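Chain naming follows the written order as A, B, C, D, E and F, and within any one chain the residues start at number 1.
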Amino acid sequence: MNLSPPPAPIVDSILRSALAEDLGQRGDITTDAIVPADARARGAIVARAPGRIAGLSMALQTFELLDQKVSFETLAGDGDEVSAGQALTHIDGPARAILSGERVALNLLGRLSGIASATAAFVDAVRGTGARILCTRKTTPGLRALEKYAVRAGGGCNHRFGLYDAVLIKDNHIAIAGGVAEAIERVRRGTSSSVPCRIEVEVDDLAQLEQALAAGVDAVLLDNMDLSSLERAVALVDGRATTEASGGITLDTAAAYAKTGVDYLSIGWLTHSAPALDVGLDLTRLP
Amino acid sequence: MNLSPPPAPIVDSILRSALAEDLGQRGDITTDAIVPADARARGAIVARAPGRIAGLSMALQTFELLDQKVSFETLAGDGDEVSAGQALTHIDGPARAILSGERVALNLLGRLSGIASATAAFVDAVRGTGARILCTRKTTPGLRALEKYAVRAGGGCNHRFGLYDAVLIKDNHIAIAGGVAEAIERVRRGTSSSVPCRIEVEVDDLAQLEQALAAGVDAVLLDNMDLSSLERAVALVDGRATTEASGGITLDTAAAYAKTGVDYLSIGWLTHSAPALDVGLDLTRLP
Amino acid sequence: MNLSPPPAPIVDSILRSALAEDLGQRGDITTDAIVPADARARGAIVARAPGRIAGLSMALQTFELLDQKVSFETLAGDGDEVSAGQALTHIDGPARAILSGERVALNLLGRLSGIASATAAFVDAVRGTGARILCTRKTTPGLRALEKYAVRAGGGCNHRFGLYDAVLIKDNHIAIAGGVAEAIERVRRGTSSSVPCRIEVEVDDLAQLEQALAAGVDAVLLDNMDLSSLERAVALVDGRATTEASGGITLDTAAAYAKTGVDYLSIGWLTHSAPALDVGLDLTRLP
Amino acid sequence: MNLSPPPAPIVDSILRSALAEDLGQRGDITTDAIVPADARARGAIVARAPGRIAGLSMALQTFELLDQKVSFETLAGDGDEVSAGQALTHIDGPARAILSGERVALNLLGRLSGIASATAAFVDAVRGTGARILCTRKTTPGLRALEKYAVRAGGGCNHRFGLYDAVLIKDNHIAIAGGVAEAIERVRRGTSSSVPCRIEVEVDDLAQLEQALAAGVDAVLLDNMDLSSLERAVALVDGRATTEASGGITLDTAAAYAKTGVDYLSIGWLTHSAPALDVGLDLTRLP
Amino acid sequence: MNLSPPPAPIVDSILRSALAEDLGQRGDITTDAIVPADARARGAIVARAPGRIAGLSMALQTFELLDQKVSFETLAGDGDEVSAGQALTHIDGPARAILSGERVALNLLGRLSGIASATAAFVDAVRGTGARILCTRKTTPGLRALEKYAVRAGGGCNHRFGLYDAVLIKDNHIAIAGGVAEAIERVRRGTSSSVPCRIEVEVDDLAQLEQALAAGVDAVLLDNMDLSSLERAVALVDGRATTEASGGITLDTAAAYAKTGVDYLSIGWLTHSAPALDVGLDLTRLP
Amino acid sequence: MNLSPPPAPIVDSILRSALAEDLGQRGDITTDAIVPADARARGAIVARAPGRIAGLSMALQTFELLDQKVSFETLAGDGDEVSAGQALTHIDGPARAILSGERVALNLLGRLSGIASATAAFVDAVRGTGARILCTRKTTPGLRALEKYAVRAGGGCNHRFGLYDAVLIKDNHIAIAGGVAEAIERVRRGTSSSVPCRIEVEVDDLAQLEQALAAGVDAVLLDNMDLSSLERAVALVDGRATTEASGGITLDTAAAYAKTGVDYLSIGWLTHSAPALDVGLDLTRLP
C-alpha cells in the first residue's frame, strides 16, 4: 500500500494543540506528584478490538514531543489489520512522558484507526464489485488531512480535500444558476482562468443526469437514488462519466449499491460517525 | 439549563482553522463561479433526525466569519430536544457566504449535537436512579472544550478538563508508587504546594478500595467491575467518597449499573464514538 | 471578468504581518510626533504609470486595520487598465492611519499590479492565437494566493496552486522512475486512493512525448523546445492532450511560440521577476 | 564582508509558511507516488546566470525542515559573485525531501540573489565616486528582513527597517506641520522621551533644504532633483548633513547622480522590481 | 522539594517571544559587528544578592534557542538559597549566542528568583505557625504559569490558576446573587454539570462567615479583617473549612496574622510587586 | 504630553493571551454560575493609592474583547497624576464581562501604572537638574513595548527598544575586541552597511572614557562610578557626547547623581522591580 502520510507540519501542529489542551498551565499534577523524574517504564500499545490501524506513527510522536528519550519498537504499521490483544508497538522511556502523553496519543490513534476500520469494512462489503469507497468533506474540524489519510489506510479513496481543489456542483448551485446546463456553463467560464479542472455534478434524477452528460462533465454524483434508479442512471451514463452514489448507504446495503455498477460509493459516515477503535497502553515494566 | 458556552476565543480559533482547511488558498471555486457576488439566499438549518442540539450558535458564527451580513432567526437553542424535520434557525444573507460556510457549520453542529444526543440518551436510561452521566478525556484532539460543552447540553456532567485540574490516580500510578496508600501519600506531599484539591483513585477490587477509603480520598473510580462487585463496592464506600463506575457501560446496561447506587457512570463513548446528528441546510429562496 | 479574491483570512494575515514588520514595537515615530491624533487627511491613490490593477481592495484594508474610520471612494477595480496619473481611489480619514499605512498598502498594490500588468502584456502579445498565458509555482514565499490572483486580474490563467492539487511529472521524476511510462504508471497506482486527477508530464523531446501520449496523460509540458520542435510536438499531440510550452519565453517571442498552436505559454517571470507598477498616494487636503 | 544573517526565528517562520503554502493538506502527490520513501538523490544547486548570491544557507534549511537527513557541501557563500553554470552547493539525501523542497528553496534563493545582484550592479556603477547604494522600505510584505539582508550581500546599505527605528520627515508631514522647521521642531518635542535619534528630512528644493539645515538635521533626502539641482544642494549642504538622492535613478544614470557628490543613492527598485536570479537544481545521481 | 516545572511548550513560547522582542528584524547589531562568528566565551551566571533561585533552567534554554552549541554546568537548582556572589551555572559556547541571549535570560531569571525570594521571606516569617503562604491571580500578563512556579520554588502554595479551575465567590458575586447563601446555592446548581469542585467564599464579616459555613463551603477567604476579627473568625470556623486571610499583609505583619491560626495567608504582592533578584553574567574567558 | 501608544496589534495580542491564561478551556465558572447572562453592572475603576496612570485605555480593551457592549466614561488619562480613591473611569455593561475581565484589566493597569509612578518619582527627584530618567532593556518578557510606554507616561525617556535599534558597546564587547578603540572601529566597519547609527559605549573609568571620546562616540554610559568620578567624567566629556550614569541609583541618591551634570540616569529598577499601583474595581449598581 502506497500510503503517504499528511505533511509533517500539519501533524505536528495537531499534536501540540492536543497536548496544550490536556496539560494546561500546570501539567499532569498526578504523575508529577507520584512518578520520580528519573523513573523509566516499558510497555506496549495494544489493540483491544480487531481493526485496521491508522495514525500509529503520529501517535508515537506525542511522546517524543514530551521527551525525546522515549523510544519505540513498532510491530505494526498503518493499514495493517490487527486482532484484539495484538501489540502495535513497544514503548520504552521516561515514565512521566509515557503516562502524561498516553491519553493524547490514544485519542488520536483510536479515532484514526476507527475511521480506517470502518472504511475497511465497507471495502470488504463491496469486494468483487469494482466499486470504490469514497470519503466526503464531513470531517472533524481541524483534522481533515488526518482523517482522509485514515480513509486511505482503510483502503478507501479520497474525494476532494476542500472547496478549492475540485468543482462539485450541488442542488443549490443548480437552483441559483437556473439549471444544470447553465451551472456547468458558468463554471466553465468562471474557472477558465485555471487549467481545466474536473467538474462533477450532483443530480437527483435522470433528466438532470442527461443534461449533465450532454454538457460533458467528468463525474456525476447520484444522490439519494434508490437501487433501480441508480441502475438506470449507470446504464444511461454508459462510461461517459465517473459515477458516484451517495445518501444513506450502510454496511448492509453497500453491496447492493455497488452491484448497480456505480464507480464509487460516497460515505460521509466514515469520518463523521465511525466509532473509535479501542486501543490501550499496557505498562509491563515499571521502576 | 445553565449552559455556559466555552470561552469565545476558543470557539473562534476552531472555526477559523476549519474554514482555512476547507477554503485553502483558492476558496470555493464552484460557488465563486456560479453564484453572483450580490446574490442573496434564505433558508433554514434543519434536523434530519430527532436529537439534542449543541453548538448551534457556534455553527452560525461560521457564516458571520465569511460575511457579517448573514443574519439568523434562531428557533431552537443548545440543550433543546428536536424532532426530525424541525427547523433550528432561519438564515438569510449573501448566497456565497451561506454556500461556502455550509459544510464547516454543519460538521460542527452535527458532531456536537451527536454528542449531546448520545448523552441525553444515557441520561434518560438512568433517570430515576440518582446516577449522573459523566464524560472523560477521550475527546477529539483540539475540540475538548466544545465536546465537554456538548455533554453538558445533553444533561451530562463533566469530569476533569485535563491533567491539570484534578488528581486521578490510575493503575499505572499505583504500580509505580507501590500501592494505593503510598500513591495517595505522594500526591498529598506533591500537591502540598497548592490549595487542597480533589483526589480520585481508580480501583480494581475491594482491597484497593478499602485502602483508598482509609486514606480519605474524595472519589473512587470503580473500573471494569461487574454489577455485583460494584454493588458491594458502593456498600463498602457507604457515602465516604463519590463513586464512579467505568468500563464497557452501554445504553443497554446503563440502568443496571446505575441501580447499584453508584453516583456517576463514566462513558468515554460519548465523545470518542457517538455518531453525528444528521443536520442539513435547506435553501428556500434563491435569487 | 469573474475575479474571485483570495480567501479573506489569507489576505488579513498577510496584511497584519506586513504592518507588524513596518511598525515594530514603537510604531511610526515620525507621524506620531508630527501629526495630531485628530488630524484628518484626504487624498487619492494614483497610478504613476499605465498598467493593470490588482490588489486595490486588499491594499485599502491596510488602512482599515489601523483605523476603522478611514473611508474610500473607489474609482477603479482589479482587472482594470489605468493610465499614468489616473486616480484609483479617494481616501479620507484620520491622517495618522493614512500616513502610517501608506507604504504597506502601496507595496502590496504595486507588486500585484506589476504582476497583473506583466500578465496583460503577455495576453496582448498572443491575442488572436488562441494561446493562454499561464503562471507557475515560482512565486514569492507567503504570497502565492495573492500573486495567482494578480495573474487572473491580468487575464492570465493559474496552473496548480501547490504540490497538492495536481500531478506534474518532471524530468527528475522520470529519471527516478526509469522512464515516462513507468512514472505515469506509478502515479496512477499511487493516486488510486483519490478520485482521478489530472496528470501532466514534462517532456523534453518527441520520443518522451509519444510515450506520454500513449499513456493517456491529460497535459504535456513541452519544456525548452525551439519553435520548430514545438510545432512538431503540437502536431503530434493532435488534440489528445493539453499542450503547454515553457522555458525562456519573453514578451518578444511569445507570439511566435503562441503561433505554434500550443494551448498555454507558461511564464515563471510573471511572478518571480515582473517589476512593480509605480503607484503613489497624493494627499490633497491636509488639516 | 561582515554579513550577519537575519535572526533565525524570522527565517524559520518564512520557510515554514512557504512550505505550508506549497504542500497544502495533501503534500507532494507526484513525488509521493513516484519516489520510494527510501530513495536517495544527489545533485547540486546551480546558478544558471551570473550574479551575486544571497540566501543560500536559508534556502538549504528548507530541505532540512522536510528531512533532517539531507546534507550539503556548500561551494559558495552569500555575497559571492558566481558565473553561469557554477555550482553553489552539493546536496545529498532522501530524494523525496529534495524534490518536494526544491521549488520553495529555489524561489527564496532566486529572489534574494536577484536583489543582491541588482544591488551589486549599482555598486559597480558608482564605484570610485564615494556614493553608497541604499535600499528603501519598498519591500515585499513579510520578507523585509531577508530582502534588506540581500541588499547587504550585494554590497549595498540598509536604510531604516521600519517606521520605528528612524525619523524620516516627508512631504506630507511637512505639509501637515506647516513647514520644514515646524515639522522638525515637533519631532524634537515628540521624540524627547527617547534618547536622541537621527532625523532625516525629505526636501524638494533648495529653500526647504536651507530650512532643514538651519534646524540641524542629520540627513536630507533630496527627492526627484535633476543633476544640477542636486549638485547645488550638495554644495549647499557642505558636509553639514548626510545627503541622499532618490527618485528615478537607474543603472544608466546612477554614476552621474553619484558624481554630484551625494553620499547615498536610494533605490527602491532593488527590492520592488529586481528580477530573480535564475537558479536550478540538477540531480546527478538518482536511485 | 517536588518542584514540577511548567509544561515545556509554555516556557518555549515565552522565551521565543522574548527573544523576538529583543532581536527585532535586525538582530544584535553590536555583537554581530564586534564578535567573530567563531569566537567562544566562558563564564558564569552569578547571583549579585542573596535569595532563592527560580527559573534557572528556563533561562538557560534562551541560549540554546540561539545556538545549540552553548553548554552549561549547573551549580544550583530552582528552590535553592544562594548567597551574594554565588555562581549558579557555568556557561560555555559561541560568544555571540551568549552575549545576544544574556538580557532575555537574566530578565526571566531575575524576575522569577525575585518572586521565589519574596515568597521564601514570607515563609520564613510565619515558620512555626502552621500557616502557609499563598499566591493570587495578580500575576504578570502572559507569565502566570511561570510566576506560580516561582512561588512554589519559594516554598509557597498556589491558589487557583485561573477562573476555570476553582470557584471563588467574591463580594460582587454575593451582591448580585443577593446574599451568601443564594450565591452558594447558584454555584451548586450551576456547576452541577461537573464533578463536585471546591467552593470558596470571600467574607467580610462574621455574619457572612456564618452563612458560608452553614452552606458547607470548603474554604473561606477572610478579607481585610483586623487581627482580632480574624481570630474570632478562625475560632468560629473551628476546622469546618479551610481559612485564608488576605488584604494588606506585609512581611512585618505576616507572623501576627499567622498566629491567629488561619491556614493560609494570601499575598498578591508576591507576584505583582516583588523586586527582581539581581543576577548577572560574568564572562571569564574570552577569545 | 505627546504620548503615542504602542502599536494596536501588540496590545491586542497581549490582552488575548492574558485572557486565555485566565479563562482556560472552561471560562469563569463562578460568574457563569451566579450571574445571569443579561445582568448589567455599573461601577468605576479606582486608584487605591496615589500615583501616575499608564495603560488605562489598554486595560479597558480587555472588557471589550469579552463583550463589545461594555462602555466607559473615562475620567483620567495615561500620564495623569491621581490621588487615592480617585475614579479613573466609569464602566457600564454586561455584568459577566465586567467580572470576568476585572483581574486581567487590573493586572495590566496596576503594573503599568506602577512603572509610571516609579518613573515620575525619579523625575521629581531630579527636577531642576536637567537630568533625564532613562529606562533599560530589563523589562518583563513579552511586555517591553508596554513597559517602555509606561516609562514615557511617567515622564521618563526610552533607551533602545532592543538589540536591533542602537549600538551599545559593553564591557564584554570591549574585552573581546581587545580595547575600546578597536571595538568602536569594528562597529563602524560592521555597521557600514547601514546608514550611520548612534554609537554608545559603556566605560568604567576615565581612561576608557578618553578612548571613547577620541573615537567620536555619540554617547557614553558611565557605569557604577561614584559621584566624584562621575563629576570628573562629565567634565572630561565636556559636551562632546551624551552622558548616562547607571548602576545602583536609588530615589534617595538620584538627585546627587543628577547634580553631577550627567544628561541621563539609567534606572533598570523602573521596569524590573517597581511595585504595582493598587487599583480596584468598585461596582456601584448591580442588577
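The criterion applied here is as follows: a residue touches a chain if its C-beta (ideal position, glycine included) is under 8 Å from a C-beta of that chain, and two chains touch if they have at least 3 such contacts.
The structure displayed is predicted, hence computed values, not measured ones.
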Labels of chains that are neighbours to chain B and to chain F: A, C, D, E
Chain pair with more C-beta contacts, C-E versus C-F: C-F
Maximum centroid distance from chain B, chain identifier (CA atoms): D
Interface copy of A-C among B-F, B-E or A-B, judged by whether over half of the contact pairs recur: B-E
Centroid spacing, where centroids are CA-atom means, of chain B and chain D in whole angstrom: 52
Distance between chain centroids, defined by C-alpha means - chain C, chain D (Å): 22
Chain centre separation (chain A, chain E; CA means) in Å: 45
Residues of chain B whose C-beta touches two or more other chains: 2, 4, 21, 23-27, 29, 32-33, 144-145, 161-162, 164-165, 189-190, 194, 197
Touch-based graph of the chains, sorted into line, ring, star, complete or other: complete
For the chain C and chain F complex, residues of the former touching the latter: 16, 19-20, 23-27, 29, 32-33, 66
Chain B partner contacts - residues on chain C that touch it in the complex: 2, 4-10, 144-145, 148, 161-162
Sites on chain C touched by chain D in the complex: 14-15, 17-18, 21-35, 39, 41, 95, 99-100, 103-104, 106-108, 110-111, 114, 137-145, 161-165, 167-170, 172-173, 175-177, 183, 186-187, 189-191, 194, 197, 269, 272-273, 275-276, 283, 286-287
Residue ranges of chain E touching chain B (in the complex, touch as defined): 2, 4, 134, 151-152, 155-161, 164-166, 189-190, 192-198, 218-219, 242, 264
Complex contacts: residues of chain B adjacent to chain D: 21, 24-25
